[in-house]
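There are two complexes below, and they share chain A, which is joined by chain B in the first and by chain C in the second.
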Partner chain A sequence: MPVIEVEALTRRYTTRTGFRRRTRKDVEAVRGISFEVGRGELFGLLGPNGAGKTTTIKMLITLLLPTSGSARVLGHDVVAEPREVRRRIGYVFGGDKGLYERLSGLDNLRYFAELYGVPAREQGPRIGELLELVGLTGRERERVEGYSRGMRQRLHIARGLLHRPDVLFLDEPSIGIDPVGARELRQTVASLTSQGTTVLLTTHYMFEADELCDRIAVIAGGLIVAEGTPAELKSRVADGHVVEIEVFDGVGDRLDAVRAIPGVTSVGVEDGGHSQLLVVRTDAAATVTPAVLGRLDGLALGRVATREPTLEDAYVELVRQA
Partner chain B sequence: MSTLRLVAVGWWLQLKMRSRSSFDGLLSIVYPMFFATTIFFMYRENGDEAALVSAAVGASCMGVWSAVSTTASTTLQGERRQGTLELLVGSPTSFSLVIVPATVSMATIGLWSLVATLLWGRVVFGIPISFDQPLVFVVAALVLAFSLGLVGFLQAVSSVRYRSAWALGSLFEFPVWLICGFLVPLSILPDWVRPISWLLPPTWGVAAVRDAALGGNAWPDIALCLLTGAAYAVIGVVLARRLVDSARVNATLALT
Partner chain C sequence: MRTSLRIFFLGGLTSYRALFHWLTPWILIPTFVVGPIFQLLFFAYVGRAAGVGDDTFYLIGNAVELASIPCLFAMGNTIGNERYTQTLGLLLASPARRLPLFLGRALPVVVNGFAVSFLVLVLGALVLHVSIPVAAWAPLVAVLAVCAFSCTGLGLASAALALRVRETAVLSNIIMGVLIVFCGVNVAVSALPAWMQSVAQVLPLTHGIEAARELVAGASWAAVMPLVRDEALIGVVYGAIGMAMLFFFERESRRHATLELA
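Up next, the complex of A and B:
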């Protein structure tokens, strides 16, 4: 039996503006999505900002009621049995918030251990074990207001694991963490799944999803536009190539000219501070490098490279098509 | 047992958190003391010593109500801002059991103000307050604080759904001082006000503290204070359930 079952899940937000003449606006953030996650699986939900990732997670963790459709976690309906669901899940949101700043890390954990019904005699050892796991041993008596962003995020993880949840929801957990901290976080998440915890992860970092996730769903505009293993998603664009060209003068108005080259499927620009990186995705048969360089004639160019598509390329392509 | 422990730990940690700011602590003592001083001057001019003593006891309770009324209404807004409200609602514990310890901790801080105001009246204004029943006085003060914490709970839960409900605290702070007999006897208020006063736990709590300090029988008022406080708690529990569900429907938990 799947641990998470989502069927035709929809969530609509209604906003009202104006005082005398009230106007009502409906926004459908999630539009009838369906997916399943098996026990011990690490499932990634990828999508651009506003795609509906956080709304989906909030419905699964019972903080939002769906407008229609259904969702079950460990066999419990998120609408009819919220308390049963809450007992068995943990969730961690990214960012600085969600902690009591004036309390120590230890007091924060004590408080949430009570809220999650961790028996009194188990609290001490469990908190000690988690502090060790997230590398906060020795800092637990300091007030959270003095913690770095990485320490806060690690404390969030410890909080989410206090009651040994069967399912863990991680909503952009590595946001704002330095590379070393993010790597440690990935190791922690990987070790959880190896112990049988089911994880649903949202992230903007494609390498993170590629490294961690067993399966991924790409969500855009409230719809799931693709689902599969990272390898399957990559294979969707595997028959193409990616040309990367470093441009020092700024690409400016040459983008449309590059896009118009036959065989080019998409063009993106990544700002690298003193230069820009033009990323040109092509279909398999096309050899476009000379044509692209021709369109950029007169600009100061740096490195030119051709590589195989990554998960990020697959993601960009899928979102672009959505 | 685990519920009692949850409430006790919640109360203690909330108290710890609220006691961390020395500025807030000072403000919670000085602010009601400012009003109490005004009352002491007014009654001293009147020359009626019995009325002055009675007003001094009532004024000492003002700080307990002030500590609860404004803070309880803004507390969930504060939880929203620091991103903890969703965590509290999303925990398997009943939301009421999370909020009651928080509002009772606010009233506990108000007890400091009660003691400080009594000392201020004694030392600066020479108001003679002799505690005929010190133990009963302590019980009455604790029951007052607990019941006011329950009233604060009812106020607090209303802002789960409606963000601007925090303004209710400021709206109720001063009228309750007047209609619950903190400063003037209920007997001099218009007849139509009295039934409203009887429905409010501070009325019975202040009367109990006053009786305990001045030698009256405080127990009936203590019982009524507890009873009315419990009624507010029951209303709060029902309301909390409905408003949290409404907040989940209308997606207002994360809105600041």
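Up next, the complex of A and C:
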């Protein structure tokens, strides 16, 4: 039996703005997604901001009712049996909020241990174990208001694990922490799944999903646009090459001309501060590169390189099509 | 059951420490001791100058009423501030029973409210040279506790509303104003217009203040018992309204995403 089963899940938000003349606005945040996650699997929901990742997680952790469709976690329906679901899952979100600043890290953990009904005599050892796991041993008696972002995030993880949840939901856990901290976090997450915990993680970082996840669903505009192992997603763009050209002048008005070149599958521009990076996907790099350079004639160009497609290219491609 | 008891007692105290951000001596002493004594003296001297009421009248009225500072503001903070810390989503995602989770936060507030009342009563009696019969002290202390309880009930209802409208202090200030005017704190309820007298009957503190004054005037506990019972009942009703609102808002928030969870 899958640990997480999601079927045709949708969620619409209705917002009302204005005081005297109330106007209603509907946002279709999640528009019918389905997926399954097996025991011990690390499943990634990868998508840009506003794709519907948090909304999906909130439905799975019972904070939000679906507009339609259904979801079950460990066999329990998230609408009909919220308490059964809540007991068995952990929830951690990124950023530095969500902690009691005035309390010590230890008191934050103790409080949530009570909320999750961790028996009094198990609390001490369990908290000690988790502080060790996330590397906060020795700092636990300090008030959280003095913690760094990375320390807060690690405290969050410890909090989410207090009751040994079978399923852990991580909503953009590495947001805003430095690369070293993010790497440590990934190691911690990876070690959880090796102990049998099922993890559903959302992220907008490709490499994070690539490095961690057994399976990824790419979500954009409230729809799952692709699903598979990182290798499978990469193989979708494996045939072909990526030509990258650094341009120092505005490249905007030449894009259509580049797109028109036979053999070009897509064209993108990434802003790099003092220069722009023109990213051209093609299945015939040898002939396309000179043609692209021809169309850019007269512009100040920098580095020109041809490379294999990465997961990031696959992702950008998928999200753009959505 | 055991878990719920722990959440009620330990969890409640932790939340109070976590979210009532006045818990530092620099705020605590001015707000709970200095300010209240000034309020008492102000009304007592106005009363003396105008030749209405005696010091005892003001001492009792204000001592009981001043419990409303913690009862409203601390209660508002310990529930309403969950939104600012963005911990509300985490609370609601937990399997903890909501009744002990929120009600437990009221207990330290009741104690806090009682402590302020008691302190004002003792300090005020010393400053104004009011002598309270020795026999009246024990029942008086009980009445102060019941009033702190009932006012916290109102505080819980106001805190629940605050969670939804995202503003605790404004509401608490308005309610404090209502209490000081309507409940016979500095003007006897009987001297108020009829409609205000009716409103006073359904507010906390009114019955308690009356009971406390009767005790000081020599009444027995048995004689004030009905008043104390009504005072407690009013607290229970407001507390129940507050809890019902919290349950309702949680349900509604799952449907309409109205609590802006995390």
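Remarks
One rule holds in what follows: the second predicted complex is superposed on the first by the 306 of 322 C-alpha atoms of A that agree within 3 Å, B and C clash if a C-alpha of one lies under 4 Å from a C-alpha of the other, contacts with A are read in each partner's own complex, and residues count from 1 in each chain.
As a working rule, contacts are C-beta pairs under 8 Å (C-beta built on N, C-alpha and C of every residue); 3 or more make two chains touch, one makes a residue touch a chain.
None of these values were measured; they are calculated from a predicted model.
When both complexes are superposed on chain A, chain B and chain C clash.
When both complexes are overlaid on chain A, the residue A:Tyr116 reaches chain B and chain C alike.
By the touch criterion defined above, A:Asp178 lies against neither chain B nor chain C after alignment on the C-alpha atoms of chain A. In the superposed model, A:Glu308 lies in contact with neither chain B nor chain C.
In the superposition on chain A, contact is made by A:Leu65 with both chain B and chain C. Contact with both chain B and chain C is seen for A:Leu99 once the two complexes are overlaid on the shared chain.
In the superposition on chain A, A:Glu270 makes contact with neither chain B nor chain C.
Applying the stated touch rule to the two superposed structures, the overlap between the chain B and chain C interfaces on chain A comprises residues 13-14, 58, 61-65, 83, 86-87, 91, 93, 97-103, 107, 110-112, 114-117, 120, 159.
Across the interface of their complex, chain C is touched by residues 13-14, 58, 61-65, 83, 86-87, 89, 91, 93, 97-103, 107, 110-112, 114-117, 120, 159 of chain A. On the chain A side of its complex with chain B, the touching residues are 13-14, 58, 61-65, 83, 86-87, 91, 93, 95, 97-103, 107, 110-112, 114-117, 119-120, 143, 159. Contacts from chain B toward chain A in the complex involve residues 2, 5-6, 9-10, 13, 16-17, 20-21, 82-84, 86-93, 98, 245, 248-251, 253-254. Interface residues of chain C, counted against chain A in their complex, comprise 3, 6-7, 10-11, 14-15, 17-19, 21, 23, 85-87, 89-96, 101, 253-257, 261-262.
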